[in-house]
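In what follows, structures are represented as structure tokens.
Presented sequentially are two complexes of chain A, the first with chain B as partner and the second with chain C.
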Partner chain A sequence: MPPPGQTQLPDWDGLKLRVRTLIASHRVMIFSKSYCPYCNKVKELFRSMRVEYYALELDVTADGPSIQQVLAELTNQRTVPNVFVNGTHIGGCDSTYQAYHDGVLQKLLGDSKDAEPYDYDLIIIGGGSGGLACSKEAAALGKKVMVLDYVVPTPLGTSWGLGGTCVNVGCIPKKLMHQAALLGQALQDSRKYGWQYEEQVKHNWEIMVEAIQNYIGSLNWGYRVSLREKSVTYLNSYGEFIEPHKIKATNRKGQVTYHTAETFVLATGERPRYPGIPGDKEYCITSDDLFSLPYCPGKTLVVGASYVALECAGFLAGLGLDVTVMVRSILLRGFDQEMAEKVGAHMETHGVKFIRKFVPVDQVEEGMPGRLKVTAKSTEGPEIFEGEYNTVLIAIGRDACTRNIGLETIGVKINEKNGKVPVNDEEQTNVPYVYAIGDILEGKLELTPVAIQAGRLLARRLYGGSSTKCDYINVPTTVFTPLEYGSCGFTEERAIEEYGKQNLEVYHSLFWPLEWTVPGRDNNTCYAKIICSKHDNNRVIGFHVLGPNAGEVTQGFAAAIKCGLTKELLDETIGIHPTCAEVFTTMDITKSSGQDISQRGC
Partner chain B sequence: MGWEEKQVRGYPEFVQTAQSYHGRPIFALFCGDKDAEGRSWCPDCVTAEPVVRKELPNMPDGSVFIYCLVGDRAYWKDPNNEFRKNLKLTGVPTLLKYGTPQKLVEEECFKPELVRMLFTED
Partner chain C sequence: MAQRLALRQLLSLTPRTLPPQGPLAPHGRAFRTSAGCRSTFNVQDGNDFQDRVVNNPKPVVVDFHAQWCGPCKILGPRLEKMVAKQEGKVLMAKVDIDDHTDLAIEYEVSAVPTVLAMKNGDVVDKFVGIKDEDQLEAFLKKLIGA
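For the complex of A and B:
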């Protein structure tokens, strides 16, 4: 390499010849620089396609800069990577990926050697909210699709049918049991409204579970019919990658089949995490077991403070059971903490016991017949707690099902700590023909509607010529604890972090649902809060409501927030009377004013 | 052992027959009554019956197939008839696996692959 600074006229004709020869003599020719991340991306693409390429690293080649000049003249492209396939100029990283997506790349590589047709256009591993939505959309666009769904039984042997967590052991049975508990409360209120009946009202767990499981069964069946009608192939088998573009499927009888596809979507979801203490798998249950438990759980210890823990503790208490929640530190991590504490306080007022700052250690072992003995240690000192319960429900978090599906064999990167899959804004993993949706995504919300939306839009982008990406901003959620909590947008903590306290105005109000007045239920408990950005027209960036039907209330406001709701627009909206939601149209008191928000009259 | 067929008419006869086969897989096809020429007042039932019958050999061994005529058109249209109230039927023809939430309704019964799926899956 000529020493820097020394002028030496390049031999342009010689260089042009060299460049042309390189392009002509390699199936895939990549002009690259060793430190360039886009060059690496492109090389990864070809590696994942098992296509050999030749890369010339211009940063460590004699005449590197001159070659770059030649390429610029040849292709009008100054940058690297500069990619040629079978003599045809493709372009840089973006163009190469685009060509891959459009199938143009594959056509150019076309020399029959490696081009065996795949069995399917799309194979989806996981038949839950995301997987099913994606499969149906892809099939509707005319593609040949396969869905694999397999439930590894819980340590206690519980299993379930097609549909994923939401349908079988999540949202659906949860909301139904929550409703069962609410009805119990309504029965109590009913006497105040004049209903008279002699019998004491009791709850029968088995009748409730049978009815709920029957409904879930009809949903499982409905999905089977739906997939069949849309010609989506469904396998009740465990799928694992064994080589690029190929999976091995094992059904519960151990029979193995193999299948290939052009594109794959990972939608394997999560399962509850166990704490790893002696006795946890033998004696404890999780939400996977709770919704089909054939006997009433009785006196229950719920370990955890996630929404799963609090929702379950909430409805179990509402059904009349003796419930204790063991919390290591805070409630509802990730949610607005002021709201989280209010949720917890309401549960406590209504009989749920909380043991805070303790973790179960040592044995969960059999105590008296039908009872479990739990030993717990304080996180702050030497105190020990011991208790006996009929049931211990572990709800300390969920882990992604990405460890045992052969992702290593095809090079899909996962976050080693939590198993989650990092993807770009098109849900694509680091391996271009593998995508991921739903709860397993790194840094994305674990919600059914998010997975469904992502799955549908992904199918439309892959096969329908769409470019719409999934919008993860301002996704509304609701926690279905006995006092429901709905929210959309920023928590107060995050808003302060992002905008600075002085740039925010927080309006808040307590409210008393009209329906609660007659039976004399808690006043000054339901709470509404909006966070506004002062320098953006008092735009509503955070919405929080604690009260009955919080989900129904929040849904509409989420749409308003998407339209750019401001405090002024909210004030101009006339409320519906008498409702709980109308409180948002007349919020005057700010946190900064320090004024009292307790309610007195109408 | 193969499978056997029972033909019944009306709700009480259906329930009695189903109960007598308790413990065996029971599949039931509900259709509108047939006239003297053997034709049902329900045109969809006329279409569905041969499709279902063709798939019967796919039922598991020991199954019972109950062919049930529900009644005349007027009876069926009554929203409080026993089939609607107790068995939660919403239309005829309905093909179901008794004691499970698995069923096919109306046009779903025209599709052989759906009928086969009902008979063979668990």
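For the complex of A and C:
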């Protein structure tokens, strides 16, 4: 011991021995610092593999810095974490993860556990748009894949087949019913075009539902066949994690089987949220029930102002039903608000009643037979609203199905508030062998094509040697309300937030579809808007169109935006006449000029 | 397609339309003239298929169909009528592919309607899609005669 007051020189030989001993005597040795996030990541990896490690925190150990020096000499690595497995130096965080992905880590760990191979290369929980796309791609790349899909029946007992939300209770039936409503409008217009018929045209709900459900049934079967053709094992069972790499699958009859896999993908999607008021589950329906409702809904109250709410309210009104929409605050949250208000205004002009700033608080109870009584409270004052309806459709949002699938057991973190799963840009959760795609992702768009793309690219990265990641920028969408709204890129609000109002030029125009002139429909209602970034060559960063066939119009412009569309290119593009889309090739009036955009004539 | 559970339970009570075949059948071999009520039956499950189709000494045509399939609704009655005309020489089993998916998969059914001709447990002939009465008659005669 040196006399007090003198700094002790490091005992290099002693430290080297100590380091070597630590490396040799622990299966997994991590030289770490307690505040270091990369060290935490590495520890999490081993924890997720249920592998014990020994960590020496150099920031709180005597001789910490000296030990770090010794390690640098031993391994040429100055940083922490510095990881050794069974005596072999792996490296830092990145190297350890890479070794894990390559299987090198597992080999080094040399467990008897790992000697037993997994049942499958990949197990996907959820047979919807994302899950099916991922499974087929992985199988095509030669992997052994299993898909589990199970629909927990709604409170009213509704259930459906393989294919997920889009096919069964989402996009497909929605667009078909929207089309049914549009045909009703077309029938009205037809007389102006010279069609003459005596019959009063009525709509039969049951015929429409049967036809739509028959089509969906063929799609369910088609998916089963295609899974079989691609040699993907399909289980109609509820999957839950019970330990790392292992799930329990329970079918409708309660029979349980167990399956293991090297990699898992969560694609469980979402289900409609209930408001939690008395009577909501007993008396109200959601979109899950609407598309197969065996009887006509009649006078309907739609609670919510999401695109689901407005699309449903829209086609129900188009079929001739008495529809009211109860809105708590704004329409189409997350969408461009100027466009959202126009969508709502059009619906109102065409007979949909809106009750703004009310929420149902109480008794949805049976009034007279087949009628429901709703009591609602204003969000701004003491007013009470009471109404009677045949059907109450709840469309206030959707919750991710991540709560009861055992994620806690294996340590997958979810956002506790909404159940969504945070992932990195490779769709990987905090547990390295678990990925997630589709509607359950935190902060990503809830769209079928996005889930499909993410699923396919994920399979290619995992098994096809690809490094392409899913591009979530400039994804086009369309809301299929009676007046359709298509968009791609920034909303005006977000653009102003991101770029500043002075750096943007917004061009806009009203237009009158030629087909609407003869029947005298809605002049000066359809609207087109593009948002350009002034300092980037007037690049088009936001595209918005309100009008018929908005989806078809928007798709092409989305591709142009991906190619870097500018206002000049748009102006140089010659329009197709007579169409609605051509309005984008001749937009002169800017919002900033304040000029009038109402149309007169051709 | 969507189902409401209660409704499905009600509708799944499909009546057995045919008593067990065999030399000791109480009614003996009566030739029925009513449209195929004796020669056509709905398969109840895998075991039933084994008993009444695979192990049947008589040739059986198996009609794989689905509730959501339009052409099936045309072919079904037509086939039943032609089977009835064969006076008991051939039987017809109907299999709903949504109710009996395992069976449909086992016999590699992709599109519907798919009709298999089975003799002594082997598939000796098959067709997919609609056929007219003459074509069905020829199909059945071939099965019986072969």
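We adopt the following convention: the second predicted complex is superposed on the first by the 589 of 602 C-alpha atoms of A that agree within 3 Å, B and C clash if a C-alpha of one lies under 4 Å from a C-alpha of the other, contacts with A are read in each partner's own complex, and residues count from 1 in each chain.
Rule of thumb we're sticking to: contacts are C-beta pairs under 8 Å (C-beta built on N, C-alpha and C of every residue); 3 or more make two chains touch, one makes a residue touch a chain.
These numbers were taken from a predicted model, which means no experiment stands behind them.
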{"item": "Clash-or-fit label for the pair chain B, chain C on chain A", "value": "clash"}
{"item": "First, second, both or neither for A:Asn214, with chain B first and chain C second", "value": "both"}
{"item": "Which superposed partner A:Asn430 touches (first chain B, second chain C, both, neither)", "value": "neither"}
{"item": "Contacts of A:Ser190 with chain B and chain C, given as first, second, both or neither", "value": "neither"}
{"item": "Touched partner set for A:Thr158, first chain B, second chain C, both or neither", "value": "second"}
{"item": "First (chain B), second (chain C), both or neither touched by A:Asn168", "value": "second"}
{"item": "When both partners are placed on the shared chain, which of chain B and chain C touches more of chain A", "value": "C"}
{"item": "Which of chain B and chain C A:Ser292 touches, first, second, both or neither", "value": "second"}
{"item": "Common interface residues of chain A - those touching chain B in one complex and chain C in the other", "value": "214-215, 217-218, 220-221, 224-225, 228"}
{"item": "Residues of chain A that touch chain C when the two form their complex", "value": "153, 156-161, 168-169, 213-218, 220-221, 224-225, 228, 291-292, 294"}
{"item": "Parts of chain A lying in touch with chain B, wherever the complex brings them together", "value": "214-215, 217-218, 220-221, 224-225, 228-229"}
{"item": "Touching residues (chain side chain C, partner chain A) in the complex", "value": "1-7, 66-70, 97-98, 101, 105, 110, 112"}
{"item": "Chain A partner contacts - residues on chain B that touch it in the complex", "value": "100-104, 108, 111, 113-114, 117, 121"}
